[in-house]
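Read through the structures below before going on.
Below, subunit A partners subunit B and then partners subunit C, in two separate complexes.
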Partner chain A sequence: MDFNVINEYIPLYKNALLLTLKIGWQGILVSLFIGLIGSAILYFRIKILKTFIGIYIEIFRNTPLLVQLFFIYFALPKIGIVLSAEVCGTLGLGLLGGAYMIETIRSGLESIPVIQRESAASLGLNEMQSLWHVILPQAISVSVPGLLANVIFLLKETSVFSTISLMDLMFTAKDLIGMYAKTIEALFLLVVFYLIMLLPISILGTILERRMRYGQFGD
Partner chain B sequence: MKRKFLRRVVSGLLVLSVVAAAFTGCGSASASENSSKDSDSASYRTLDEIKESGTINIGVFSDKSPFGYVDENGDYAGYDVYLAEQIGKDLGVKINYVSTEAANRIEYLQTGKVDIILANFTVTEERAQEVDFANPYMNVALGVVSPENAVVTSLDDLKDDDEVIVISGTTAETYLTKNYPNIKLQKYDAYAEAKTAFENGNGVAWANDNTEVIAFANENPGYKVGIASLGEQDTIAPAVTKGNETLLKWLNEELETLGSQQFFHKDYEETLLDTYGADYEETLVVEGTK
Partner chain C sequence: MDSLGIDVLFKGTNFVRLLQGLWISVEISMISVAFSIVLGTVVGMFMTVRNRIVKIVLKTYLEIVRIMPQMVLLFIVYFGTTRVFQWDISAEAAAIFVFVFWGTAEMGDLVRGSIKSIPKIQFESAYALGMNKFQTYYYIIFPQTIRRLIPLSINLITRMIKTTSLVMMIGIVEVLKIAQQIVEANRNSSPNAAFGVFAVVFLLYFIVCWPISRFSVYLEKRWA
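And now, the complex of A and B:
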């Protein structure tokens, strides 16, 4: 391995990491937002919206992100909707993640025994209050492992962004290999930078999970 | 709880070091391979091995009409494929076409996934260090195409925000990166994606091999080749894995023979005439020169 080459490449990978993180987190925020709204709709069983959410989940969970990005980036401009590559990336990731987040949060909500809801009602809390003060705190702590798995999954999915000309980590590596053919160096940095991005999240996740479970069960 | 956290950190570090070790392992292995490059390295097949197996793996483009593409019947066709067919015939083996992208042509050779790359591969110094090129069979330079209503005639006229579309791993990308480091490049993986993006109005211009941009402008009204020849005139040649001398020698002899039969003029007339007309025939075709 040629360490001069590695030194030369590091700034490029750093930029790619920042871009990946930026779009990754934007996408994750969008997906969490969709997740909360969507699971609330499913929880309250709001009639027509419930069907919509169901269709949305099935569409986005059963098509690859690559296909969704292709559609948003290459097909929408044909009908006059032109979005920048970054917005497309965020949107694609957010919509895909949203479908997973809804299911994860919903499973958390459903894991809370009905008696909690009934008890809350008997204490005079209305539906919204019981969701906010009683059900949600417990449900979130159940959902945390799933949510974190989703976050890591979404950050890894950014590797298909090359299709829409975003210089993410994967594309940077491929591009450098194409130009200078230093395969080992480029791939080594790729693995290292993915680990730099994801290991802290994974570790943070363990801590967070502990904290959240403390809220529910104590240590 | 503290303990668990520590364990987690330690295991994380372990993963990192294992990966690092694996890669440095790879690195030193290939270094020693380089120093004693003999026939025992398994990354390529010699001429005899190919003949014996009865099939040759040839890497071609599947989306770059009219050089290498899949026609309406699902068969590979184009200028490069025409040559590939002839090679298969003269070797007396079946051809297994492997679809490649610009960026992975070198890797496919280095890892032995293909025996020959015939994917409009432009000869450059950097690439010649990684693979062995046979004699050229075509000429090429770079060109820049842009929409008719805002033709780019010089790269110096571009504004700071203007982005130029290139395909990752092409000579256009390397040339612009080296000579115009200030121009923002919008990079795509494959021809089809770059083409669609350009049609959608991304980027002010598209830089690529001039053969490609001329063909694009001919086929798509509303676009004009503002810069028909950028940089130096290059050649396109078949490439084999570095060190595969038997195959290289055979290829060179083959290209010589074909050249003496004016094979590539026939190839041009069969595959490129519709796109480029007769005007470019003498500019593009190379017959059996060293």
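And now, the complex of A and C:
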């Protein structure tokens, strides 16, 4: 391994990491937004919208992100919808993640006993207030480990962005291998930078999960 | 505005080629799942062992698989190891190796979870009846875990199929790559073909994965 080469490459990877994090973060925000709206729709059993959400979940959970991105980036422009690569990445990640977030938040909502909802209603809270002030805060704490697992999953999935020519970590590594054939150095840095991005979140997830379990058993 | 590429699909053998490409993805994932289930069961059993070193090794393994994107693993095996060890492996072999590496960890974790969920008294009762470790697992524990495991491993198949779409990045010509080729070849005669062709690929993946994941949900509900 040539450390001069590694030193030379580090700034490139740093930029790539920032781009990956930027799009990853945007995509996760979109997916959380979709997740909240979608799970609220399922929670209130709103008729037609409920069916739509069901179809949306099935479609996006049963196709790979790579294919979704190809569709958004290469196919949609043909019917007049032209989006920049960055917007495509955010949208693709957000839509994929949304399908997973809805399920995670919904299972959190369902874990809250019905009596909570009834008690809230008997205190005069309307449905929306009871969801927002009573059910959701409890449900979120149940869902947190699942949500973090989704976050890791989504950040990992960002590796396919290189196919729509976003200069993310994967793209940088591929590019450097292709140009200078310093395969080992490029792959080494790729691994290191993914670790920098994901290890802290993974550790946080483990800690939270453990604390959650204490919470459940009353420690 | 001319056609959106549906005609291109039925030109010559285009559609058959797409299906062949899809079959390659399905084939790679089937082989990988088969290996993963066998190896994962063994790894899962080792995960319940109380030995410190075994625990640390397997934890590290699981964590690596959890954190590294499959694409990175593919690159490491296909470009990295071939460089370091100077050997020559086909892209298919590299892909299967990576998916088995990944699937074994996933499956192992599922097996560990389901063994852990069996009450301790089942083990103790079996030992009290004079069974040895092998007999206990074979006659008492596995039959109880299998119902929980089957739906989860079916789910793993769909995840494998979805992940195999990545293999085009190491040069395997599968459905997405063939779609790209078709679009490129018809660029002049049908410039909008990308829409139809990629929409069909999208649909094909859905048609393959959806029934499998429905089936797993059905089993899970029925056996729960």
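Just so it is clear, the second predicted complex is superposed on the first by the 202 of 219 C-alpha atoms of A that agree within 3 Å, B and C clash if a C-alpha of one lies under 4 Å from a C-alpha of the other, contacts with A are read in each partner's own complex, and residues count from 1 in each chain.
As a convention for this text, contacts are C-beta pairs under 8 Å (C-beta built on N, C-alpha and C of every residue); 3 or more make two chains touch, one makes a residue touch a chain.
Predicted model, so just to flag it, every value in this text is computed and none were measured.
> Tell me which partner A:R61 touches in the superposition: subunit B (first), subunit C (second), both or neither.
The second partner, subunit C, only.
> Which partner chains sit in contact with A:I112 here, subunit B, subunit C, both or neither? Use first/second/both/neither.
In the superposed model, A:I112 contacts neither subunit B nor subunit C.
> So, A:L199: does it touch subunit B (first), subunit C (second), both, or neither?
A:L199 contacts both subunit B and subunit C.
> Using the superposition on chain A described above, determine whether A:I152 touches subunit B (first), subunit C (second), both, or neither.
The answer is second: A:I152 touches subunit C but not subunit B.
> Pick one for A:K78: touches subunit B only (first), subunit C only (second), both, or neither.
both
> Scan A:D175 for contacts with subunit B and subunit C and give back first, second, both or neither.
Touch status of A:D175: first partner only.
> After lining up the shared chain so the two structures overlap, which partner does A:T183 touch, if you call subunit B first and subunit C second: first, second, both or neither?
In the superposition, A:T183 touches subunit B and subunit C alike.
> Show which residues of subunit A both subunit B and subunit C reach, each in its own complex.
74, 77-78, 162-163, 174, 177, 183-184, 187, 191, 195, 199, 202.
> Which bits of subunit A are touching subunit B when the two form their complex?
1, 73-74, 77-78, 82, 85, 162-163, 165, 167, 171, 174-175, 177-181, 183-184, 187-188, 191-192, 195, 199, 202-203, 206-207, 210, 219
> Applying the document's contact rule, which stretches of subunit C touch subunit A when the two form their complex?
4-5, 63, 66-72, 75-76, 79-80, 83-84, 158, 162-163, 165-166, 168-169, 176, 179, 183, 191-192, 194-195, 197-199, 201-202, 205-206, 209-210, 213
> Touching subunit A in the complex: which residues of subunit B?
It comes out as residues 1, 4-5, 8-9, 12, 15-16, 19-20, 23-24, 26-28, 30, 102-104, 106-107, 110, 126-127, 129-130, 165, 168-170, 173-174, 177, 186-189, 193, 196-197, 200-202.
> How about subunit A: which of its residues touch subunit C in the complex?
58-59, 61-64, 66-68, 70-71, 74-79, 152, 156-160, 162-163, 170, 173-174, 177, 183-184, 187, 190-191, 194-195, 198-199, 202
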